Amino acid sequence: MEDLLIKLALAGIVYFGVLNLAGLHTWVERKQSALIQDRIGANRASIFGFTFLGLFHSIADALKMFTKEDIVPTGANRVLHTLAPMFSVFFALAAFAAIPFGPALEVGERTIELQVAKIDVALLYVFAMLSVGVYGVILAGFASSNNYAILGGLRATAQMISYEIALGISVVGLLMVYETMDLGELVRAQGQTIAGGWIPFWGIVAQPVAFIIFVTAALAETKRTPFDLPEGESEIIGYFVEYSGMKFGMFFLTDFLETIMVAALATTLFFGGWQVPYLQPEGFHFPWGAELPVANWLYVLLGVMSFTFKVLAFCWLFMQVRWTLPRFRYDQLMKLGWKGLFPIAVINVVVTAVLLLLFGEGS
Amino acid sequence: MTEKSFLTTKLDEALGWARKFSIFQYPFVTACCGMEYMATACSHYDVDRFGAGFPRFSPRQADVLFVVGTISHKMAPVLKRIHDQMAEPKWVIAFGVCTCTGGFYDNYATVKGIDTILPVDVYIPGCPPRPEMVLDGLMKLQDKIATEHRTGERPAPEPRPDILEV
Amino acid sequence: MTTSSLIESVTTEFPEAVTATHSFRGDDTLVLQHQSVLDVARFLRDDAALQMDFLMDLTAVDYSTFGKGAAPAFFASSGVNVRSSSQIPDEDPWPGPPDEARFAVVYHFYSSTHRHRLRLVAPVDESVDDLDSLTSLWPGADWLEREVWDMFGIRFRGHPNLKRILMYAEFEGHPLRKDYPVNKRQPLIGPSN
Amino acid sequence: MPSLTIDGREVSVPDGTTVIQAAEQLGIFIPRYCYHPALSVAGNCRICLVEIEKSPKLQIACNTFVNEGMVVHTGSEEVESGRRMVLEFLLANHPLDCPVCDQSGECDLQNFYMNFGLYNPRFREHKVKKQKAVQVGPHVMLDQERCILCSRCVRFTDEITETGEFGIFNRGNRAELGVYPGTELDNPYSGNVVDICPVGALTEREFRFQARVWYLSSASTVCNGCSRGCNIDMHYVLDRPHLNQGKRVMRVKPRYHGDVNEWWLCDEGRFGFGWLDEGRLEAVRGPTEDASWEHALNVIAKLMQEKRVGVIASTQLTNEELFLIREIFPDARVTASVPERPGSSDDFLIKPDKTPNTRGAALLGLAGPNAPDAEDIVDEAIAKKLDVLWIMGHDLVDLFGAEKARELSESVELLVFSGTNESPTAELAHWVLPTASYVEKDGTFVNCDGRVQRIGQAFPPLADSREDWRVLLDLARLAGPSLEWSSPAEVFRELSEAEGAFANMSYETISDQGALIPSAKPTEAAS
Amino acid sequence: MAIKVVRRPTLTLWEKTYLPQILRGLRITSGHFFRNLFLHTAHVFGRFKDVPASVTIQYPEQQRGLMSRFRSRHRLMSREDDTPRCVGCMLCETICPAKCITIVPDEHPNPTVEKYPVSFDINLGMCVYCGYCVEVCPEDAIRMDTGILDVASYSRDGMKLDIHQLLDPGLRKPIATCNLDFPHKCGVSGGEMKGSWNGSEGRS
Amino acid sequence: MDTTSTPDHEHAFETRDMLLNIGPAHPAMHGIIRIIAELDGELIESADVEIGYLHRAFEKMSENVDYNGVIPYTDRLNYVSPLINNMGYCMAVEKLLGITVPERCHYVRVILSEISRITDHLTCIGAVSMELGAFTVFLYMIKAREFLWDLVEKVTGARLTVTYCRVGGVKADLPDDFRAPCEKAFEETRKVIKEADALLTRNRIFVDRMCGTGVITKEEAIAYGITGPFLRSTGSEYDVRKDCPYAVYDQIDFDVPVGSKGDNMDRYLVRLEEMEQSMRIVEIALSQMPDGPVLVNPETGRPIPASEMVDLGKLGEISTISGGCAVTAPSLEGSGRGAHPFIATDEKRAFLPPKEDTYGSIEGLMRQFKLVMHGHGVRPPVGEVYFPVEGANGELGFYVVSDGSGRAYRVRVRPPCFAIMSVLSKLLVGGSLADMTPTFGSVNMIGGELDR
């Protein structure tokens, strides 16, 4: 019973955080693009005279979309049309369950893992959720009975499937290095340091090439610029062309959720998750020998903050990329996926394997 | 005023507030006015400040139809169809004199003001209107949206020419 | 190539096709019988001395009300002729519109090698159906001829796709004809798809 | 017959011709202010300077008689500079009035200035102030500042109307035009001084500030005010309804016709066009609310075939329409002979017969001794010998008294009134058909001299009114074997074949000069 | 003749990996980002106020200066006694390509003025701001220098300006009674005359 | 958004080409053309281009207004570079009239039309990059355009629809303080161009999308009558400014950038370079143009408020005001008597008098009226002329026929993008759907000019 309550509480915290983050994300995106483009960005919505740098615009957006007329076009498959956005959001949210966002918290006797669902093969679970998410897009494209939507759906399908492979292979090396598929373990494993304690042994250090592949493929997974072909506005408007109101809002939300998801994954896999450099459960162990003991609650707090910060930083980076680059063309995208990322990822795995064989602990 | 109606009124007002500051526009750009539309949307005037920064190129997702530029007889059916495709609640802004009244293109090819085929909420005259005029029109639209929710009804339709059959 | 020789070389080649020439304000112009437009155009393009590789423009003029514009009321009573703004004469005055034909199809050619321009004028009537299309020589003539058809109702023989281009298919009449009132609107058509 | 050369072209003219007239024969226009072909030569404006070879100085063309072998240049540099000087003087004291002057747009000062004016003025002195906006008569306003003292108007009142109201007073730059004290420019031809004034000194009271002249469109037609049939230009504006309270016709100007009215027009004809836009019938009225042309014509056509019909046509109708009436109502009692009280007349232009086409009606047998009298027809109708009576434009109340008119409307089965304007008779009629006025339709009139003249359509009929000929043709189509005609021109062709008087005439041969009916003896010479 | 053949970029192998350009692009955009972020923050604390953080003009709180030649909404000039300078010469109505000006002139009792506009309406819904009316006015009666830019309206009629509004650019709404002491017939000013006349309005 | 042909579920297993109806309201179509494309997957198998959605009857309207009345309509032909249209039309009518304008006027026209050309290319490249997803570049470009528009506004009194040239001159002289803001605006523009260059030119995503797409050969381009940057990208060097120089282009030293392959990349690069050349032209023109009026000039006289001048003129007190210079409405700055000889032709029957003359002399007043009244105005002799200028998209020709009345009998525009558009369907076929955007973008279709 208590376990269930704790789980519920954890789930509450995670989803509250994630959804808010997604909401905030729309604001951040607007403001960030505004800063990049020498603009001001939304700043006029006010409640009782307060504008909070335009934060309320996101609330207005959400409120409005909830009350917007919902149109199902004639000729569309009503059930699938309604199901598609829910699919998208559901699986995007489900994936968050496996992400550990902080070190284990010790409350009295209990040790609470800061992770909604502790799954042994969490990585597989997350990837599975991400892959299933594509069905939302496909269904949306198919159910809309609109040529543009179909094109968008087709592009999304091909793109996601192609990049999933690179994505999957890119983390194989990581698994080989850390020898676990449990994300919690993976993060903990990244707590080690190398080079005499100077460098934390994060995924980025262990697998730099994999990181680049992962980020690229993950960006493609999330359909963000420069990989926003399924919704390439100036070409085909997007798979959600026939969606209005909150259904469209859900796709909108999914977009941001997936971005956060990918940021969280990248953090977890390559940037040590909630790890803070030189911070061990007992306290800081600086490479120059200094030590600073830290209480467990502070350790957990620092961990959660570190995780959040890293996720936000990735989100920022993704958006910065979005506002910098032009879009790929379909065949270039495929070429990049199959002829670029995929072989490199494979080679990376092989090289990792060889290196591990030569220098690994097991050898 | 009963408790309930007070609540619904408040809710309605909140909704009005939300709609006022979340304007997804469908820019139906055809002509010269598009240049000033760009200027309005870009850094110097930044229409995003008003919450109208997202141009949605699907009418389903748009709240406000910006009709920017001359509408010809050849184009009119397309415009009408897009207006029909938009989801409620929706508003229409006539941007530039060609859309307001037909402007000085009084000839066989042009429609004499889009209000002959659609209901128009705000007219922004000018050829093309300066971005300031556009922002002013946008604020007038925001006022209208808020008023609509405060008073509970859309302001009475403004007098306009008979709608032509399309 | 100088003006006179440019005109001359065409006139000597097609003595019976060319009905008049002038170069008002320096624009070399040949008035042709419309049957020979294709031949002359081919000659212009292929002749080594001319090499008119550009068909810059192709349009038409409806001369049916030329010089017949209603005199404003005040001239009728004052009886005073007002001089044109400019009396600056040209060595080669404009001979006036083609006499009988209602329309004149006007071609502008340019040679990028020799940098000279030439205008061909082919007077035609509504009923003419043996004015050859230039699409076989310049693919760019396709749209231009379609536009002339759309605006004036002049047909081009051998055009692959002579249909309206600027107006919609349901439009009746040809708006640039002088007898089409400028603001005569036709009923709006419904969505076509 | 001396022959001379003007601008390199040779011409032979009778003795006593002036250079300006000779040039006119060649189509060479020499500028003039004071010269007017109908008036004596004054030679005081000096704008008509021409260069005559072997003559030391420039000469005025209006007062130089031609000599054998004269060589005249009208456009040389010297001539232009001479004219430039003249203009400079004329403009020295001219007020800056173009914005408020009705003449701008048809002002010869502007026209000649633009052709060879001094663009950069040298004269920079104060201008002499004189009286502005003086009302010199019921129809004419005078602005003394704008006057260039050409004395055309003075000569007009002296020589044409011989009333002599105008005079030039004072001397030098104080000289000014005015009417003699105690007199008023109120002769029946006073409007003509406005026409002949080359600048904006004399303007029409009625037209004043109603519209700028460059908005006006012009249509040539024939005055319907009396049987003289003066040629006129109807000036109208259609596209600016905010002007002149929405009236279309702005003013009437005489059109030169050497044999009818020359350059002149009486005030009655000039200012009597108000009815064209005021008090017009605009819609068909009938016993039911939703009366329409179709309905009305059907009713009339039906009764026409079955019942005894009387038609009181009007001499305001064109020959074509009268002819159609005759053809369509072969068995009916038809007349255009309506006793009208004769109006004023004089020996210049004004005729006592105030309708334009009495002569035409007579030629077609609808008026004159052979035609029945309108009063008889009315009496027959009251006596129930007629079931249907169609009144075309006449006001029976005015002609026969209200009592009789009322009696008539009660006794006939169907009383149709067709006409342009509201009248007491229209109130009594069962069906009221709005018809077009004479400027809204095409056709011909025959004036008192037997001259067939075309009126020509200036603009389309007002509101729902229709041209009479169209109504008659529609009716014919409904009532019986269809007439194949569809326009006045076709009707006239038929008419010319049917009626000997009009033989060999067509709209082309009539053109703008009219055509004399061969049989018509010139009853009196046109003045 | 000077011909300059443009140099097409040939990408190096390193550039073909996308990365350098992505980094370079990120440098530029991040440059803008951080610069503006810094300046915005600094502005909050009142520093570097003279360096703008964005090019945005925050209309309506901030007004961008109009160039002196800029053609904005019209106004009618008035004489010392508040009557319009316009004498109804109708040159502006004549030259107006959009036909948005309608003037009804009438006789003025003062013979030195002679003529004045009974009504002077500008339909902003038609006006194309070409400035021809100002250029041709021989009386300096009409100008386009009010700087008024809030001309948007909820109706077609709202875009029509009558003589009162034109004389007093501050006046936004038509006033009910006439308080000008020149012989001004309030009855016919405004949009009354327009379109009421049969037959003139072409049906579209 | 407008779509056709719903997929037919019953025959879902047959392979069919998808008919995609792109436009007329489609974000990449700039609103006003429609491409009916047959798709095989992502490849375009056939494309049918339909235009005419912005047909506004320019040519018909031109026959119904007087010669100067056409100028506002020309503004709206190529609404991205209106000053070039103004210039082309006015020079065509001047040719018909047989008049010339002062040299300074030519320089002013050249300066402004080159500024217009820059704004046009900025918009074009901006739009292309936006459609390729590089939204930021677009915003930077429009930002730079805004600085240039400030210049335009400073000179002409309007940002976009300038109505600046007149038959026989220009509306107003350059303001005295033009040079400094011009330099400032160019500095900003160069900065933006540099940034855009850095963001795009060597970016492989961009290069891959631009290179080898929308290829056209020189011969083909010429056969289609294509001119301007589009033709120059194929290696042809035809530029009206060089080959048939007008105004003062023959006195200005500038380069004509040409490409080699005739693909989208070349067009992009040519436009980029042309902006630089245009700035160079403006700078040269500014330095070598003849001086304008001296402000403190005894000729121009003491300033008198315009209204006072009118009132005194009306009272006939000419001696009080003659020789004064009118303080006119601000929108008329730079067109006074002092500036007039520099910006307007000598021919008095073609150009409005300076305001001082209108207010202060009956001669000027009459000239003003004569030029405005219907049926008077500018009245060229009967005849026909064709006059080409180098528009932003290519040869912009005006063919004007006059019947000697106050209105043109026929005005024909040779719209440069008409020719380019006629080849578009050819360029699209065989490419992928995504290539449509850069190809179409590099055409720089301007609806007002295409459909007129």
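Order as written gives the chain letters A, B, C, D, E and F; numbering starts at 1 within each chain.
Here is the rule we use: a contact is a pair of C-beta atoms (placed from the backbone, for glycine too) under 8 Å apart; a residue touches a chain by one contact, two chains touch by 3 or more.
All values derive from a computational prediction rather than experimental measurement.
Enquirer: What chains, if any, are shared contacts of chain A and chain B?
Expert: Intersection of chain A and chain B contact lists gives E, F.
Enquirer: Could you pull out the chain whose C-alpha mean position is farthest off from that of chain A?
Expert: D
Enquirer: Counting C-beta pairs in contact, which comes out ahead: D-E or B-C?
Expert: If we tally the C-beta pairs in contact for B-C and D-E, the bigger total goes to D-E.
Enquirer: Approximately how many whole Å separate the CA-defined centres of chain B and chain F?
Expert: About 29 Å, centre to centre.
Enquirer: Distance between chain B and chain E based on Cα centroids, please, to the nearest Å.
Expert: Between these chains, centre-to-centre, one finds 20 Å.
Enquirer: Express in whole angstrom the distance between the two chain centres, defined as the mean CA positions of chain A and chain E.
Expert: Taking the average C-alpha coordinate of chain A and of chain E, the gap between them is 49 Å.
Enquirer: If I count partner chains per residue in chain D, which residues reach a count of at least 2?
Expert: Counting only residues that touch two or more other chains, chain D contributes 98-99, 104-105, 111, 114, 212, 214-215.
Enquirer: Enumerate the residues of chain B that touch no fewer than two other chains.
Expert: Answer for chain B, listing residues that touch two or more other chains: 42-44, 46, 49, 57-58, 74, 78, 81, 85, 104, 106-109, 111-112, 127, 130, 164.
Enquirer: Give me the residue numbers in chain F that touch at least two other chains, ranges are fine.
Expert: In chain F, residues 1-2, 4, 21, 26-27, 52, 55, 57, 60-61, 72-73, 136, 139-140, 143, 146, 161, 199, 203, 205, 314-315, 349, 365, 368-369, 373-376, 451 touch at least two other chains, as defined above.
Enquirer: Would you pull the chain B residues touching chain A in the complex into a rising list?
Expert: Touching chain A: residues 14-15, 17-22, 42-43, 46, 48-51, 53, 57-58, 60-61, 63, 85, 87-89 of chain B.
Enquirer: Would you mind writing out the residues of chain F in touch with chain E in their complex?
Expert: Touching chain E: residues 65, 68-69, 71-73, 136, 143, 146, 150, 153-158, 161, 163, 171-172, 175, 195, 198-199, 201-205, 207, 211, 235, 237, 242, 253-261, 265-266, 269-270, 272-273, 277, 306-307, 309-310, 314-315, 326, 328-335, 352, 355, 358-359, 365, 368-369, 372-374 of chain F.
Enquirer: Taking the complex as given, what residues does chain D use to touch chain F?
Expert: Answer in residue numbers: 91, 93-96, 98-99, 104-105, 109-111, 113-114, 117-121, 123-129, 212, 214-215.
Enquirer: For a test of understanding, state which residues of chain E touch chain F in their complex under the given definition.
Expert: 1-9, 11, 15-18, 21-22, 24-25, 28-29, 55, 66-71, 77, 79, 85, 91, 94-95, 97, 112, 128-132, 134-136, 138-140, 143-145
Enquirer: Would you pull the chain F residues touching chain B in the complex into a rising list?
Expert: Residues in contact with chain B: 1-2, 24-27, 30-32, 52-57, 60-61, 72-73, 75-76, 79-80, 123, 138-140, 142-143, 145-146, 149, 159-161, 447-448, 451.
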